[in-house]
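Below, chain A partners chain B and then partners chain C, in two separate complexes.
Presenting the complex of A and B:
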């Protein structure tokens, strides 16, 4: 009987009451484990580049300015908040925060740059303890990502070639 | 040993044409055959041995063997066996006999192979470009190994026109999509209509290219790919994540720890729950019954929240790495998940009780979008579409993976072959999913979440894995490679097969039923190049080119 089923459907609706959340006026609190924007702690980071080598989206760039200074730059353009960087970091320098409202007109708002003093470390990459064989740091040694053009350089090399990297993403900064 | 039995059957019939075979266990069979006998062997497997066609894979194997490789995958569902028939093709001018006239479902896969790898299916009757954009230069095949991942081909012709087929005589053309209120993603159907009746259609899809397979083969590494794989689909992402991990694991004979297998099962079923509830809502929305659309999405929301609690995200769980899972199910979450399931079950029971007697919904869906057993067999339809036609197939039972061999559940089948049967199948499957999760929570043993991987993964191993996604079987084919990444990774999502049946499903149906017929396969498409405007006063049709559109939007006015 169709009338009966219509009544049943009406009951379902009435029982449910109002469930719409008042978002964005107030946001529902996110659970403890929520993976939001990763936050990098320069005080803890030892510059091992483990996060950079294991980021599936290639969002973390590393460049050595000189023997002592290493720059670690998180771009935040296409980060998928997967949390792999936080997983592999041996110093727990990365926290997956609870921030999710990260939409912005200026991508530079999300970018994080760590200027790391490397002391006398020879940057062998060995301080990065890979969780499994598959996470082996493929880029041990000097790192020269193309920070200017925000591009990951796929092989570890001592200098950058002069040719411009293909710009896969033109975003106003 | 069913795999050996099947191999012997093939050997008996084809003798020397079978060059070599790999039997890694009783559930997988890889047969390397003479290219000239490939078609006959596939025909025998598909017709005489009654296997189900899964997909075809083309591969540029020149860096390893100096040749091209083509593989046709079949599934012997009753024998719990997945079988690949492979043939090496010469490096210059790779050609292979098309199997699409004996296995109609292979048509798209062969066209894709031709576009992306440049293997010519000889004898294919409809060799229109399928995957590559219209302006892409001829003879340039992106999945070949000598093409870099970031290659921008010279000679891209943005102005190149797509030629549509001629509509049959007496038919009008009604364009449907690429943007249509009931399509969530871009796809274009050119419907041929006679009055109100649809007589046929031409499909044009593949409008979004992300190059995930190419990236995986050239840039990403084994443990990066799962996070990318789950972005293949916006609803059943976890399925691809798990299928990929399993394909690699079977290739290198690695097994995830039992606890990880249970967690994979639970997350896959959580995904099925939210996907089916979403679909029932959408189907109601398409037929204009928004009340139930709202209610079914309301009932779905707690599932999303519990997924968020377990994995940190309501949709992209980022669950698997090779050899295990990343997230544990803690005792608190376990208790909460039980509560969520209890509530969901009670509420869903009420919905099912109401809907199953609702005449309005039935009138819109009974006898609509018919896909019968013949179509299921020919095109290789899967999932709820096949089960609604009485095909008793379900990868969870037929090709058990994760912890499905340790739980008890029913495969729901219906016999109406129409949209209504698909509604019923999905509604009932919700209860089965709840049952499975409950059993997993009960049986889950303590233990590690990942196996330690001590050595590099061996090179050149083949692995296939099928996972029953909410929409049907998702199938991944992996060949392991050097540099910590696969040599070839091919993904076949369920919609790939199911979509090929849409032209047959909507034939001789009312135009108004098109949307629900299409919606009933729960399609998952992935933008367009131009639009058409008609000046109503003068009736002049003008087709806007991409450049005109761009300059218009840049000026900020239309």
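Presenting the complex of A and C:
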């Protein structure tokens, strides 16, 4: 009896073969629905900050440098890869990648920073974005900041020296 | 520098001590998973030991909590001198989703110095092995900080003070800046 059971054990052991994965030497694919770290696409992002307000670990920080430049910082250190930011993003600017090999000796390595350029509605002062750069330039009331010197520079002044301001500037002032 | 030091000091075998300072057990399961025959980190000489006094490496899971911070610190101090700390999971790396809870002090970094970070909630067993492999110098780390710029300042910056009217024309004096 005991011999039989030992034989059975031996057969089981032999049949199992080698199960250990040769992991760091060869790559190991992840399941299809695996969520790795989120990757931000600056070209699609409109800077609505929906991801920041829906992140359960408050991992996405939004800073408005000035009215037109919004900084979106993803720090990555306490991100749980839950995918809520990717779900909530209206522009599908966030994709949950399959990257999991994010081990690092410096936690700043997993940071992502987006500098978003936002044009401003001259009526309500909120930010919105035109689809292409050309359309952004054509916008009435398009303006930008002199970030270094911290002051407003109105583009239309470059062409109108002596006259009074154009209409959109009146709204602004 | 840290890498060469690691290769020198920990070249043969890492004995790891597994410290959970208040995580949800998800990361513990993954760390134990790493020690199973399927992933088998003992082929790199990694061995789980029961006491910090025998360990080279402390694997921290869970955030630094008010209740366990002192014990974590004591465990760290009990380890013999060339020692490494791995923060495993987003709790240990940054406080996790409970980072603002009343009993959570924050990442374990606040209590013990951390040498390697393995984010994830929980990280895959492969990610943990990868972190260990990075630490002992088998592979290189793949991450680097990323900065996306939607566009550079799209229009040259005009300074009204540099504009001079000459007849019909408007001359911009510092044109090379544009």
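Just a few scattered comments:
The criterion applied here is as follows: the second predicted complex is superposed on the first by the 114 of 173 C-alpha atoms of A that agree within 3 Å, B and C clash if a C-alpha of one lies under 4 Å from a C-alpha of the other, contacts with A are read in each partner's own complex, and residues count from 1 in each chain.
By definition in this document, contacts are C-beta pairs under 8 Å (C-beta built on N, C-alpha and C of every residue); 3 or more make two chains touch, one makes a residue touch a chain.
Note that the coordinates shown come from a computational prediction; the quantities given were computed from them, not determined experimentally.
Applying the stated contact rule after C-alpha superposition, one finds that A:76 touches chain C and leaves chain B untouched.
Contacts of A:87 after superposition on the shared chain: chain B is touched, whereas chain C is not. Once chain A of one complex is fitted onto chain A of the other, the partner contacts of A:115 are limited to chain C, with no touch recorded for chain B.
In the superposition on chain A, contact of A:54 is made with chain B only, not with chain C. Contacts of A:14 after superposition on the shared chain: neither chain B nor chain C is touched. Put simply, more of the residues of chain A are touched by C, taking chain B and chain C as the two choices. In the superposition on chain A, A:31 makes contact with chain B only, while chain C stays out of contact range. When both complexes are aligned on chain A by C-alpha atoms, chain A residues 19, 30, 56-58, 80-82, 133, 136 touch chain B in the first and chain C in the second.
Note for the complex: chain B touches chain A at residues 150, 152, 219-225, 227-228, 231, 291-292, 294-295, 298, 301, 305, 308-313, 316, 318, 321-323, 326-327, 347, 350-351, 353-360, 450, 452-457, 484.
Residue ranges of chain A in contact with chain C, taken from their complex: 19-21, 23-24, 28, 30, 37, 40-43, 45, 56-59, 75-82, 99-117, 133, 136-137, 144, 146, 153, 155, 157-159, 161-162. Residue ranges of chain C in contact with chain A, taken from their complex: 2, 37-40, 43, 90-91, 93-97, 99-100, 107, 115-121, 123-124, 126-131, 133-135, 138-139, 141-151, 153-155, 157-160, 163, 165, 170, 172. Interface residues of chain A, counted against chain B in their complex, comprise 1-2, 4-6, 8-9, 11-13, 16, 19, 30-35, 54-58, 80-84, 87, 96, 132-136, 138, 154, 166, 168.
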